[in-house]
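This report concerns only the one structure given below.
By letter and in written order, the chains are A, B, C and D; residue numbering begins at 1 in each of them.
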C-alpha cells in the first residue's frame, strides 16, 4: 500500500519534532510537507532545527531534507495537496490561539483536513475533541462541521490537553462499565516538556516544584466533560458530570504527567477489584482496529505499592498507555488512584497520530 | 540568664544534626549531652558525624567536642542530669518504633523529660502531640501522664509528622475563626530529606516522582484529628472532623513539603477574602510569648499566582512559617489552597525546639 | 540455530537486571540460569526482583519464571551446565573483591567460562580485560590462562570500568592510526547508576555534584594501560603510555558518563580534521563480524557545539556507541574532546555481552 | 557615619536583584537609585520585579519602593548624583557588549564611577579587572584611565567572569608564595544561575549535563592572565603564564561553580602540605582592611575526601569564600585540586561590592 502523504504545521517546534520522529517509520503515513514560521521557511528541515532538536533520538529518513514552507501560506500546502504530497496536515502550531484557530480554518476551507494538537478549536461546538479509546463516535460530527462551513473535503479534529490523559480514559472505562461519576479532585504532577521549549526555566524548577501552570486547571476540569459528552442532533453536548477540581503542579521531570485522583461515584459503587478488572479488560476502537499507534492495552494496572512513576512507566506501550496504580479506597470519596501518561506522545503527537489513524479507518482520507 | 543544659538523643542522625545546628546559638538552651547508637559512643561529636554531616552550614561551637554517649544507656543521661548537664532531652531517635517508645519511657521514668520528634508515642493517649500555635492547651495533660505512670519530673511530649505541618495550622486557624471543617483531599509533594539519610536513592527520584511513601498517608489523615482534639477529663479526645484523604508523593526536592488542599466547610462558609484575612491575622501562644524559635507570623499568605514554592519559600520566617498561596474557590468543595513548610525545621527539629520553649514558658523546666 | 544457554551470576542486582533485559531477545544467547545471593535463592526471578526492578522497561519473557539459585553454590551451575542449561556465565557479582575473585575462579575451575563485569580479576595477569573494538587480540591469552590453572574448558575474561569507556576507544583509534599518545588529563561527569542501587543518596546529589568517587580515578588512570598493552609471550604487558590524570565527579544524571579530555600526542600530531576522520572511519572486530550487540559505528563524531549530552546521546547505537564532540585544539596539550557512553550498557552489561559474542565468534563456546 | 548612596544599573535582572539583596543591610552603602530597561522605567522596584524575583530571600527595606529609572538615560543618574543620591553605580547591565561598554563610559564621563559586573570593559587596557584579594594594586591605574579619557571623577572598574573565581585566587596564593605556575587544565561544572534568567531551559539540563557554554572557555583561559598581570608604566601587562586549557560544563545545580584543576609548577614545586598551608594562611587586602563583604578567610581548605560540593559549600563565608579540596598530587602535572565558589555572590554581585569597598578604603568615594 502506498503511504498517505501528510504535512506537519509547526514542524520545527517541540511537538512538531515529536510528530516527525514518530512518523519516521509509520506504516500508513509519510511526512512529505513541513511548514513552520516564516523564519524557518526556505531552509531544509535539518537546517531549521539545527541546535533546536530536543528529542533523544534523531530518526533517520528523508524528512531531514524536506524544504520547510511558511505555515501561514496555505497556498503552498494546497499546491502540495494537488501534487499529491499532502493529503492532510497535523497541526502543532504554537502561535496565539486566535491566529492558530483562523489558520486551521483556512487549511480546512482550502480542502485540507486538519488533525490538530492545538487548543484553539477545542471548544468549537462542531469540532470533535478526540481520545481514540473514549469518544471516537464524535467523529460523526465531521459531516455536520463541513456542512456548517460549506467545506467539502476539509475539516478539523482536535485532541485534548496533555494533563487530562492520565485520568480521562480510566474515568471513561468506569462510566462505560455502568458506574456514574459524581465528583473528583485531581492533583497533577506535570513534566517540563509540557511547557514546550525553552519553556520552564531551569532556575524555576531545580530543587523545586511550582504549584501553578497557567490555564491548565481550567482545561483539566472542563475538557473531560466535552469528551465524555454525547453527540445529540447536530452538536456535542457536554456531560454534566463528573465535577472536577484540579490542582496542577510543574515538577522537575522531563516527560510524563502523573495525576492523583480521589473519585466519588453515584449510588452504584464498584469494589476495588471490580475497578481493576474494568481497567485491565478495557479496550477501545483503536485496539479493535489494531491501529498502528494504538497500544495493545489502553490501560495497565500496576500492583506495586509505588507505581506508576514517570521515569519507569512513561514509555510503556509505545508511550501510549495510561499506567494506573495505587488503586485503593478513598477516605473522603470512594476511590483513589494514580494515573500516568507520556505527555508528548500520548498527550500530544502520538495522540494526534492515533486520531488520524482512526479517521483513516473510518474512510476519511 | 544561665542557659538550660539539654541533651539530644539520636544526635548524629539527620534530625539530630538539625537539632544541634539550630541550638548552636539558642538563647535559652545549650546542648551539653549528645547520645546516639553504640557505634558512635565514645567518639567526639565531630568524629561521630565525620562524612555524615548533611547540612549546608556547619555551625561553630563547643558541640563538636562533646563526647557522644550510648543512647540506650539511660544511666549516663541521668548522671549528666544530676551533674546539671542535661535538664531534658530532645529525642531524634531513629530506631524502630517499639524500641524508641520504650527508651523514651525509660528516660521519662528516670526523671528526664523527653521532647520527641519520633512517632512512637504519637498515639499514646496521655502524650500530647503538639504544634505550638494549635494545641498548646494539650500540655495540661502532662500531670495526668505523670500520674498515670508514677513519674515525678519526667514526661513525654511529641510533635506530629512533617507532612501535616503544611496544612494543619491553616486548618486550625479557620476552625478557631468559627468555621467547621467537614472534609478535605490533600495531595503532598514531599522533599527527600523527609526520608532521612541515606533515604531515597537518587536512581528512584532523578527525573521522577514517586506516588507512595510508606505510612505517610495514614499519618497525614489521622494525626490532625488528635491535634485538633480536645482535652476532656483525663484524656485527649480526637476531633471527629475533618475527614481527610491524603495522596503522598516524593519529589526531587531537597527540603520543603508542599500540600495541595481541597476543603469542604460545614454550613458556614467564609469568603476567599475572609480566609486570607483569618490566616494573615492568625497568632498563637508562640507569637504571644515571643518564643525564640517562633516565627513572627505563623502563616504567610502569598498573592503571587505561582507561590509558595519549595526552594523560594521554605526558609521564610526562620523556616518555621507555613506559606500559603493559590487561595481560591474549589469547584468540588469550597476552598482550594497550597501550603508549604520546611520539613526538617518546622516539620522536625525546629518544631521540637518550639515545643520545648513552650514547655519552659509554662514552667516545666 | 539453537540458542546458547547462559547463566547470570548476581542476576538480581542492577547490572544483573541489565543483563537479563538486554539478553531477552538476543539472537545467540538465552538466559536459562540465574543466580544471586542466598537471600534470593529459591524464589522465582520475578519474586526476587519484586520492588527492586530499576529499569524503565520490563522485558517480557521466560526469565521471570526462572528459579534463582545461590551464586555461591557452583555445583548448581555445574549441574545446569551438564544438563545443557548453562554453557557459560556472565558475572555481575556485587560481593567484595576477594570473594568475587575466588568465586569466579571456582566457576572457571569447574569448567564454566566466566564473562565478568566485576573488577576482581581486572589486574590478574593472565585475564584479558576486553573492549571488543580495542584489544580483542588479548583473547589469545585464554589458553595460557587455562594452562596456568590447569583448567580445561573454563576461563575468565573481564571488561573494564565504566568510566574509561568514554575515552579509551577514541584514544585507541588514534594510536591505531599511528599517533603516539603521551599524556592526558580527563575529567569525568558520571551518572548515579554507576554506583549501583541504592547507591548515591538523593540528598547527596540533588542540586549538587560530588567531586569524588572512591577508587574511580585509579581505575580511570590505570585500566587503559592494560587494555592498550600488548600480548607478549605468556603475558599482557601494560602500555607505558599515555600517562593519565583523572578527576572523577558524580553528577545528577541517571545514565551516561561524560569525559572531558585534554590530550598530548607524541611528535606526530594529527590535525583536528584528521582526528575526526580517524574516529568516523574507525571499525573494530565487532563491526567486521557484525556481532549482534555491536553498534554499526563504535564512535560517532557530533559536530554540534554542545554535544554529546548524557540525555540526548547515551542511547545512540543501541547505547553501545561512544559519542564524541567538541573536537578542538588544546591550549595546553594538543587536542581536546568530550566523550560520552552509556555506563550500564556499553559500560557494563552490553559490554559484557559484546565480549561473549566475540568469544563465541572465535569458537570459545 | 552616613551611608554612601549608590545606584544599580540593570537592577531588575538576576545580578541586579542579587546586588539589591546583598546591599539591603550594608553598613557603608545604601541603594538610592535603581535603573533598568525602558520597560521597567517609571515603575516601583516592587512592580518591576513582580513575578521575576528569583532569590529565595526577599529582603525587606525601602528599595521596594524605589522608582526605577531608564538606565539608558544618564542624565537621570547625574541628576540623582547632584542631589546626593547616587555617588557611584554598580553596573549589572545585561545588554549587548557594545551598548554596555558605551553606556558605562557615558556614566563615567558624566562623573559617576562605575563598578561593573559586565564583561564589556574587561579587556579595555586601562580598566582594572579586580579580585580584591589578588590584584588590588591594579586600582592604581584609575588615575591613568581618567587622564586617558579626560574624566575628572568618573572611572570604570570591572570584575572577572564567575567561572574563574574558583581557581584564580588559589593560583595567586601559590604565585605569591614564590611558586611559578606553568600550565593548567581546568574543567568547570557550572550552575545554571550563571546563565541568568530565564537562561538554561529545564529540558536541556534535567537528567543531563551540557559540555559547552558559549564564550566561557576563552574567558576562563584569558582573564586570569590580566588579573595576574602587572602594572607597568601606564598599562596593565598580562602575565605570560600560566597557560590554561578550560573545559566548561553546565550542570543541574542552582548556584555554585566547581573547578577540577591539574596544575604544573615551574622548577620549584611545593609539597601538598605546603600548598595547603599557603592556602590556609592566605590573606589579602580585603581581610587586612576588614571590609564588610570580605570573608574572614578567602580560601578554606577542606580535608574530607568528597568536598567541596556546590550545595554544601557555596554559602561558606557569606558565599564569598573559595572552598578548596581534594588537594593531591597529579599524575600528569604536579598538583590536583577542586575549587568551588558561589557564582552569583563571589562571582557576581558580592565580588562587585567587595571591589567598591576596596575603592572606598582607598579614598575613591
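Keep this in mind: a contact is a pair of C-beta atoms (placed from the backbone, for glycine too) under 8 Å apart; a residue touches a chain by one contact, two chains touch by 3 or more.
Just so we're clear, the structure is a prediction, and the values are computed from it rather than from any experiment.
Novice: What chains do subunit C and subunit D have as common neighbours?
Specialist: A, B
Novice: Which chain has its C-alpha centre farthest away from the C-alpha centre of subunit C?
Specialist: Greatest centre separation from subunit C goes to chain B.
Novice: For the interfaces A-B and B-C, which has the higher count of C-beta pairs in contact?
Specialist: Between B-C and A-B, contacts are more numerous in A-B.
Novice: Compute the distance, rounded to whole Å, between the mean C-alpha positions of subunit B and subunit C.
Specialist: Chain centres of subunit B and subunit C, defined by C-alpha means, are spaced 47 Å apart.
Novice: Compute the distance, rounded to whole Å, between the mean C-alpha positions of subunit B and subunit D.
Specialist: 40
Novice: Report the inter-chain centroid distance for subunit A and subunit B in whole angstrom, where each centroid is the mean of the CA atoms.
Specialist: The separation of the two C-alpha centroids amounts to 43 Å.
Novice: So which stretches of subunit B touch two or more other chains?
Specialist: In subunit B, residues 204, 206-207, 252-254, 305-306, 311-312 touch at least two other chains, as defined above.
Novice: In the complex, go through subunit C and note every residue touching subunit B.
Specialist: Per the stated touch rule, the residues are 54, 192-193, 197-207, 252-254.
Novice: Which positions of subunit B touch subunit A when the two form their complex?
Specialist: 183-185, 187, 189, 204, 206-212, 214, 221, 243-245, 247, 249, 251-254, 258, 260, 262, 305-312, 325-326, 330-333, 336, 338
Novice: So in the complex, which bits of subunit C are touching subunit A?
Specialist: The touching residues are 50-51, 55-57, 206-207, 254, 304-306, 311-315.
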